[in-house]
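Reading through the structure tokens given below for one structure.
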């Protein structure tokens, strides 16, 4: 009898584990808020967590002020990397209450001449303001115009990068620069052109990239090697 | 062995309970309907219910006509309270089939001179019609105009309170009045100004409210004492 | 003790089974994709699957290229039926990755003079193109105009059926015809007028249909008998 | 010279008239409200009115309480017609402030045994409540089930017809009946099955309808003749 | 003849002026961007501007980088007012390119003990970060709980005010404080409770407010007198 | 007098021309359809056309079946170009009735080994099916994984490219290949990585691109020279 029970429990566990999905909910709120439930990421996940489009909601009775907050956005990021920039995001991953609410912030630090290389956000427009320093910023419109709209921003300037368009920032001063941006998604997503095109895992065929950028395959391979 | 099993079952139950979230889905339907599943509120909830942005769907094969209906909207509410009004909502809490369908009804009864005090619905526009009696109704526009748009309604009149704006109703006759409203959310939410500002738990600092309403702190405390 | 355990397990199973809901998520993506998790349809369903407005997401780490694909749309459907047409859908039921992405395809084959009888899609506009043959197509506008907008299409022609409007297609050539359509929902839904009105289970009252179509009840019953 | 001027003015007028479009805006409000501007329907229309997806907004400074209201919903409609029912809609056509707000009401009167024949709303779910009398109501689910979900409602009962599904109402009492419904669109649209299928202008081919309803062409022609 | 022409031109002008509406478009972009066209506010407005739900788009060929930017967010606002706070918004009114893009920023300055009194945004969630100083912030949930969720924030802290909920901020330090917030609407709207309830034009009936706040009418009148 | 009139008319015309905007509406339909009005592109445009987020609607009474159709999708495109591919779109620019309906089609022809180089659609998911030939297709997920999900498709295979992700296609056979895709936007937009990054007008700073792709500036300049 006991053996049967153990077998039963094991199969129950296996079934539950097999079911281990992960939920995510949509931004159109149907209640005051839907704080993302972090339990869906832990051991309990083995039993019932299910991935959704967004996250499941914590029981509102258990919600605390801390679920709505994050600390440390005043701390400079570490710009000691090849790009000379550091990104500190505050999305639903940092503040679970952002789930279903459709907004996030990001702080970026730039060493002198540091760059945030061309990238785009598939799910958000970005509105950026310069807290310190001066920056060259720009974005490129879609086909067929591919017009570069750019500007040099000073402290206190604000600029907009429309959703889905490739954009970049560069510190054009000899001092560190800092920006804060708002983005209208709980999880804007980032697609860095270099990473997506030359650094995918596995690589996109050299032949395709050679045609795309109209260069020799060995230059493509040389760039792929860097990523 | 049995002890181990009991311990195992208890830990399983604890884990499952810990996981007890609650689902809620978004209003953009992806099937004919998604009747809210009431089991997610009972004992079974201990095992798998998860809170969502909305509710999980009952298996369509088990759906009955009763899931789409509610009885008793012809019954007068009890207006024997300080406001002289009574609210009978028909939202997703009363009709589970309203889940994901984005609409609800409400009946309101008003004793003579009864009032529905200033409040707003964060998720719905309200369209109200007078079944019996005559009412003064009004709403206030946002900053900076804060214009009051009001009207006295008679039987058969219809009026609109735009989403998110503060509004109120008052019976201006010597007889009972009755209204029926449609609201375009399965769960419109209600924020009564008095409750939110003077009756929150815990209280908002007296100092803040004294500044907000430009009155002495003791008047603020006096009002807070009533809620 | 063992009996208690068995009883406990059985009640656990019953509770879990009772809970067996089914999830479904909304089309506004909050991540790159949310591949529908097929496990929510199998035995595991007995334990935790929950029906949602859409589907739960497969763990992105387990996603494969096959989750994004379907094979066989070049195969003619079997038009050996009273309507002389065959429908091959490619919706979220065929490609789980379509979950939350809001699009689907359908291939339709038409025998000579084959018909797709009047129907509508409650959740999608359809854009159709003729791969082979020539077709008469049309749709009817809403009340009060009920205007028929129709056209005979040749190979390479494209036509649009707006969301929610009754439309039809008929092969007007002596050869087989083939069309491919895009529809902007992962699950457009199909409501065939004949089935919904004369073939519902149970039947709509003969009296109501006799009034609706202004015919004798026995004609209504005759038509109902065919469905 | 004068002739040239006249010619110029005439061509100017012609061009403007030719341009006479009509605007309509989307339900996601970007301000407190956007009262539909009725001037776009008058003479001025000759000069600049443009049809939109919705309507253009009246200058908010000119908005009046009357723009938010309608009178007469307590008046019975005239049920002296073959269906024995009368529909009194309160949509954006009756209350211009409903523009962009996504809701409307409708009153329906039913003579004894009066019917609202099978129809659907492509853009709204309907929540109906019985003010007087008793009604049989029902709707049919989409393919492949085509399940009829129906119920007899008494005074004070509420029922839901999900968006896009075919539904009907019938007075099953010997007295007049009255219902009020909320619908979550400023312009829900109505598609009456009989009108759309047998009463379109011009007619759908007899041949197609004969196949659709599996009846002789002369029965189809007989029904078409009634519409 | 000339008189006729002058009369004609005048009536043309009158008609055009009469038509002077103002356009506004919805946030779901259908192109890279839709920069709000400022001409609809000037003299040209007399001729064709029409108010919309949002704004009409500037011809993309005429768009400049300046349409995407704003300067001066580093400048402290003037907190010399009864509330001791100053608000510097950057919405579609300041950056026309924000039209249809669904995001905005705001800088707030707080004198020591300065307050942003209880208010809400009907169309946006706010994510706030403290640039300088320390602040008490809080929001209140909807009926029936009316729970106050509050926290004291330090420099670098981030907090979220969910859409439609009443919230406030207070400088709890002896130095000036500064915050920057992102809001997910091009035009979030602000409804200050005090202004809407006690400062509307015209006033809400004293009787209604006395009931709402359960105080004497003369206290209501005293508060109304301040606004 | 005549001179004054001429001057007046000229200034009127100038004002109107200055106003020459262009309307565009949002995809959430508020009527059966909103056929894009082509007059807003012609001479009449000088007088009243206004750019919108989408397009203004043609008067429904003037709508024709041709507004819903397009011919020629069976015609091979000309693949005699460096990429060996040709794109034939059917968007709102080709079928005005697609305005507000949220869908479009595209045919692509591929010469042997022809490539559609890496690109993305900011506003649409693409579902592609192979009509002739065999293709290698793939897309890359967002940061930080940048996983390439790819597959070789045969005739009759269907594949999905999620909205906003970089993807590509390559003919891997010795014969011509043909695909047809559905995209869930009336105007999906195309951003070709090469064009946006190396071919913008004006160029993005060589310095930024050298950092982005971790190559020498002269290689960047060499690539920029090709675009």
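Some notes on this structure:
Going in written order, the chains are labelled A, B, C, D, E and F, and every chain counts its residues from 1.
What we mean here is this: a residue touches a chain if its C-beta (ideal position, glycine included) is under 8 Å from a C-beta of that chain, and two chains touch if they have at least 3 such contacts.
Protein identities per chain, from UniProt: A, B, C, D, E, F = Germin-like protein.
Note that the coordinates shown come from a computational prediction; the quantities given were computed from them, not determined experimentally.
Chains making contact with chain A (Germin-like protein) as well as with chain E (Germin-like protein): B, F. Just one of B-D, A-C or C-D has an interface built like that of A-E, with over half of its contact pairs in common by residue number: B-D.
If you compare B-C with B-E, the chain pair joined by more contacting C-beta pairs is B-E.
Both chain B (Germin-like protein) and chain D (Germin-like protein) derive from one sequence, and where they touch, over half of the residue numbers involved are common to the two copies.
Per-chain CA centroids place chain A (Germin-like protein) at a distance of 44 Å from chain D (Germin-like protein). Per-chain CA centroids place chain D (Germin-like protein) at a distance of 35 Å from chain E (Germin-like protein). Each of the following residues of chain D (Germin-like protein) touches two or more other chains: 2, 5, 9, 23, 25-26, 28-29, 32, 47-48, 50, 52, 54, 60, 122-123, 142, 145, 163-165, 189.
By the definition given earlier, chain contacts exist for A-B, A-C, A-E, A-F, B-C, B-D, B-E, C-D, C-F, D-E, D-F, E-F.
Note for the complex: chain E (Germin-like protein) touches chain A (Germin-like protein) at residues 29, 32-33, 60, 63-66, 68-75, 90, 94-95, 97-98, 101-105, 124-127, 129-131, 141-142, 145, 149-151, 153-160, 162-165, 180-184.
Across the interface of their complex, chain D (Germin-like protein) is touched by residues 1-2, 5, 8-9, 12, 15-16, 18-28, 47-48, 50-54, 122-123, 185-187, 189 of chain E (Germin-like protein). Those residues of chain F (Germin-like protein) lying in contact with chain D (Germin-like protein) across their complex are 2, 5-6, 9, 23, 25-26, 28-32, 34, 37, 39-40, 43-44, 46-50, 52, 54, 56-60, 100.
Residue ranges of chain C (Germin-like protein) in contact with chain D (Germin-like protein), taken from their complex: 82-83, 115, 117-118, 120, 122-123, 136, 138, 140, 142-143, 145-148, 163-166, 168, 170, 189-205, 207-209, 211-215, 219, 222-223, 226-227.
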